[in-house]
Amino acid sequence: MIIVMQMGATPEQIEAVAASIRSRGIDPLVLPGEDRTAIGIPASLSSDARTDIEAQIAAMDGVSKVTQTSHPYKLASREFHREDTLVTVGEVVIGGGDFVVMGGPCSIESYEQFSSAALIVKSAGAQILRGGAFKPRTSPYAFQGLALEGLKIMQQVGQEVGLPTITEVMSGDLVPLVAEYVDILQIGARSMQNFPLLIEAGKSGKPVFLKRGPSATIDEFLLAAEYVLSQGNPNVILCERGIVALDKAYTRNVLDLAAIPVLKEHTHLPVIADPSHGTGVARYVLPMAKAALVAGADGIMVEMHPNPREALSDGSQALRPEQFQKLMDEIHHLATFVKGR
Amino acid sequence: MIIVMQMGATPEQIEAVAASIRSRGIDPLVLPGEDRTAIGIPASLSSDARTDIEAQIAAMDGVSKVTQTSHPYKLASREFHREDTLVTVGEVVIGGGDFVVMGGPCSIESYEQFSSAALIVKSAGAQILRGGAFKPRTSPYAFQGLALEGLKIMQQVGQEVGLPTITEVMSGDLVPLVAEYVDILQIGARSMQNFPLLIEAGKSGKPVFLKRGPSATIDEFLLAAEYVLSQGNPNVILCERGIVALDKAYTRNVLDLAAIPVLKEHTHLPVIADPSHGTGVARYVLPMAKAALVAGADGIMVEMHPNPREALSDGSQALRPEQFQKLMDEIHHLATFVKGR
Amino acid sequence: MIIVMQMGATPEQIEAVAASIRSRGIDPLVLPGEDRTAIGIPASLSSDARTDIEAQIAAMDGVSKVTQTSHPYKLASREFHREDTLVTVGEVVIGGGDFVVMGGPCSIESYEQFSSAALIVKSAGAQILRGGAFKPRTSPYAFQGLALEGLKIMQQVGQEVGLPTITEVMSGDLVPLVAEYVDILQIGARSMQNFPLLIEAGKSGKPVFLKRGPSATIDEFLLAAEYVLSQGNPNVILCERGIVALDKAYTRNVLDLAAIPVLKEHTHLPVIADPSHGTGVARYVLPMAKAALVAGADGIMVEMHPNPREALSDGSQALRPEQFQKLMDEIHHLATFVKGR
Amino acid sequence: MIIVMQMGATPEQIEAVAASIRSRGIDPLVLPGEDRTAIGIPASLSSDARTDIEAQIAAMDGVSKVTQTSHPYKLASREFHREDTLVTVGEVVIGGGDFVVMGGPCSIESYEQFSSAALIVKSAGAQILRGGAFKPRTSPYAFQGLALEGLKIMQQVGQEVGLPTITEVMSGDLVPLVAEYVDILQIGARSMQNFPLLIEAGKSGKPVFLKRGPSATIDEFLLAAEYVLSQGNPNVILCERGIVALDKAYTRNVLDLAAIPVLKEHTHLPVIADPSHGTGVARYVLPMAKAALVAGADGIMVEMHPNPREALSDGSQALRPEQFQKLMDEIHHLATFVKGR
């Protein structure tokens, strides 16, 4: 940790900060600078201790800025866990070198709709079946999902077609219920910092699919993963799904594909991209899916619908069956090429 | 609602959209445009119907964009409820013309700390006592609050000093517990779109203090309020607390003060500003508090601490007792001047 | 164009708007809406007329919003020019299906440095040679480029190695000078809305390489291109180089790769990606270069340096010679695969 | 300056960085950290030297980040120039405690329009007359201003009503011409990093009114001022005019009012707010003007028009004569109150 003092900081203020560090049994390194003094804390501190010291020193007179030189996350960090984490769901391994596609409709609307979607997803070659039972909707007047009935449909259809399933859970108290019916718990972008939910998802032991919040930094994203990991649950899958856009005229969000190599460098957790929410436009899903693949993603999550015109939510970004098939074909060829090199 | 077709849209595609609207019993107005056609839906639709139609038409071939001409919120809209909503908590009225100050520490750390803070808040003339019992912290290793013990301290101290209280609740299942101990339920910026929480807060009937999410648009903010209102709870207080910053070097967030007159125009709900989180720096709290006042806010929420250097969270933005007193004095004089005109 | 009135707009206000449109000889379509009225302008207007009407009607009482249903750009629009524009520079064709790499150092530092860089660029198989003679630097104390001497070095080296050249020009009065020495005029991100410069670049008739501004929308980007095109110069190449980031901790900017398919859909101009400035980190250049390729870009601009540790600017994002060679190899193989399908 | 090494940095890499610093005659302080090493540069360096070292060290193996502990600007910094800079134009002093209002139309459209506007501005009590002769317009098809004719009108009208004048100059080569006719040179938000223009404006010796770019950080803003100051021209006035908005539905930009106290703390230059461009909506200009005043601004720039419905540009944000008078009255009263305390 490095504390930078204000330019006009007095010797007394500098000494007060140094004394405060010494009172914790740590020997500070005072670094008289060009036009201001910096103070280094060289000791190896626990994350808790670091966070406490930061808050308190930042409030002292004459202090300009406190900078952490360590990452604030630890369990999620590749520095402490060098090998890639593999998350296994049934026979599917995420993060192990195969490019995994999670496909399905935004919402589970009925057994017929979801079953029809699942058969298309399966036959096109995707490995995991997605669908929303509880839908987070910006408007209270929009379709909110089938809830428990949706979970039951998902479980039944998943078994019928032989695909592991993933659905979103929106609050901690629903984790046990959702965990009973589906294979992977999805935590949505709006819930990325719903800390009670992260803790319950961690406790469940189930694989957790964590979406990056629309204005979350990489550090905030990995700290959210850290909440799950700190409950003893190592099965966290990260998902880049687009950050908030300055220009919403052509795409709904900005898919931050550079986050893929950034995350692969700094964490051992698998990284998935969601080009459907990342763009919000069906015809941009395929180019962004291919871009995610070559950028190093471990897979993608893609929305499709047996009949998008009848979708009760997010119709404009869902692929039609033939578009989904085309995406699977192109992705398959590209993945084969990439792997072959 | 206005549907704008793509430039190359065929007559068949245009007719298909028109037919789809007619199938709902509505007569569309087709507007052959400069280089593309627009289609208007003149009928008076429920919000539900509008949301459904929008999703489905957006997925049709040849459609470029669907624009709502109505606001997506209704109960929150001043168009449907012209008089200002007053939220009454004990003897304090929020939104009624008096500038209300909510003060207190970020976290409730102990009876002694909170009691000491409350006495300062009260004697300086603030009307509502704030403090965190459950703390949403970006890092799982940071201080998370005293939880139930904090609620009990808050209730006891609130009664001792004679101030209504406000604290954050982070998940729907905790609403009944928190509602038992405090007067106003705060929903934090990270929880603005925690829909199960919004619904439970709505059901509680308690005043709800809703913070704007860091990247939330005004429409998303008012739709979050709509979730609470739609449960039959009219007591919603809005809080602008800073949006995500492109430059975090000098302030933590960007306090969007123009949101105050924007909100006062479009909604009848009271609007509070939070210059503490809005800037993250104690010495910018006073100028931003005064700016919020003259911009038309109904009050402010301000963090103070009996001894910021010992604060377990957010020390750098908390006012010291003498700074809080100065803020109250300046605000009092300015509010008197503004009211006198 | 569609004018949406405020909800409380009076019949007189609605009529005033309609009358104002009629006074221009256009017959407005009044669309009584759900809770507010919309007014459509169906006639085919010139861009000038549209812009004027928009400004004036937006100031009328009772008007809530004026929405253009046409794109504001015309010459840049694919709607008016369906075939891809090919920009030919020497023997290199940009936009014609071959993936073009523009490589070279950030700054031209000396004949030796630039010549050494150019030989590496050429032998690795890149088609165009880049380098800065006039450097736009955030700080007045940073290296500002060799200016005219740099242009002369560029011309000489370009001829020696047999590669077309590109360099940035920062002001309109320097266009004739720069145009004399180099093949392509680059307009930097900070200059995207330097309108006098755009006009001079247009007049020069030289190919213009236009970088997207860090917070520019797609419409603003294409309108900047329109400035060049409107001078009768059809040779405009667009470059996505990263938009302003909310999180600058890991990358300097956010490379908006979805802008590639968006631009390819809405304009006929070639689209290049700049993964060097787009990320600011040398080790993320290769994955983002490959992502740009599969997303449909016509090429990339990449910074390399014979010895990055001695670079006078932007050292942290420049590729070393062996990294540049590796990038060219991987791009070549991927481009061959993509083209073969 | 502090260099933070990557976690896995080898002793050789650390030593290479230290050696590189020593080779410049500076003795580095190596700070073995918790999980990584930091290296401090304690010597007093010129800005040039710092910028060079930063670029080169950032490219070395094992380096994670280079952080400047000094501000990158110097002449603009209050640390080096503690007293407020006063900019005097005719009899008007900007930055000296009086709240200065610069008013006038967006564009100079004709002698009649501008003269009529100027009389209103003068009689309402504003001190400086603004108006655009060269207009930067996003679209090449929008009204571009009267150019030289506009400058002549401005000079004549300014003399007739007895007000100093300000107009925008868009390129360096026009500085001498514009400087001949008007009193203050305005550099627009889009030109904030037009470095050749900044240098010419600096050389002119005229007062320079510098607007913050829409996505500029505070450091970038002050470095732009530094360009002007470094030409020996101390007369720089800063203007906050709104940063790029995530939500453009209700306001055009986000007026960052906290930038006022931030700037007043870190620089000695006067700070003006522009609530007209900052919101883009006439009815939000007054509350934001008052907010800027109490936040500590030295003045405001406000657009007005004798008849906004006939404005050739920006009609929706211009105040009508009676609105401008009301603003001047309210500002006058508030300024008197604030000064009296």
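All chains are identified by letter, namely A, B, C and D, in their written order; residue positions are counted from 1 within each chain.
Here, a contact is a pair of C-beta atoms (placed from the backbone, for glycine too) under 8 Å apart; a residue touches a chain by one contact, two chains touch by 3 or more.
Note that the structure is predicted; figures quoted are calculated from it, not measured.
> Tell me which chains count as touching both subunit B and subunit D.
Touching subunit B as well as subunit D, we find A, C.
> Look at the interfaces B-C and A-B and say which one is made up of more C-beta pairs in contact.
Of the two interfaces, B-C and A-B, more C-beta pairs touch across A-B.
> Averaged over CA atoms, how far is the centre of subunit B from the centre of subunit C? Could you give it in whole Å?
A distance of 38 Å separates the two centres.
> Taking each chain's centre as its mean C-alpha position, how far apart are subunit A and subunit C in Å?
Averaging C-alpha atoms per chain gives centres 31 Å apart.
> Using the average of all C-alpha atoms in each chain as its centre, how far is it in Å between subunit A and subunit B?
The computed centroid separation for subunit A versus subunit B comes out at 25 Å.
> Tell me, which residues of subunit B touch at least two other chains?
Answer for subunit B, listing residues that touch two or more other chains: 50, 215, 244, 246.
> Note which residues of subunit B are touching subunit C in the complex, please.
Interface residues on subunit B, with respect to subunit C: 1-2, 4, 7-8, 29, 31-36, 38, 40-45, 50, 67, 69-70, 79, 244-246.
> For the complex, give me every residue of subunit B touching subunit A.
Touch list, subunit B to subunit A: 20, 46-48, 50-52, 55-56, 58-60, 72-73, 136-143, 170-174, 190-191, 193-197, 214-215, 220, 223, 226-227, 230, 244, 282, 308-316, 318.
> Given the complex with subunit A, which residues does subunit C contribute to the contact?
For this pair, the touching residues of subunit C are 215-219, 243-244, 246-247, 249-251, 254-258, 260-262, 265-266, 278-279, 283-284, 287-288, 290-296, 330, 333-334, 337, 341.
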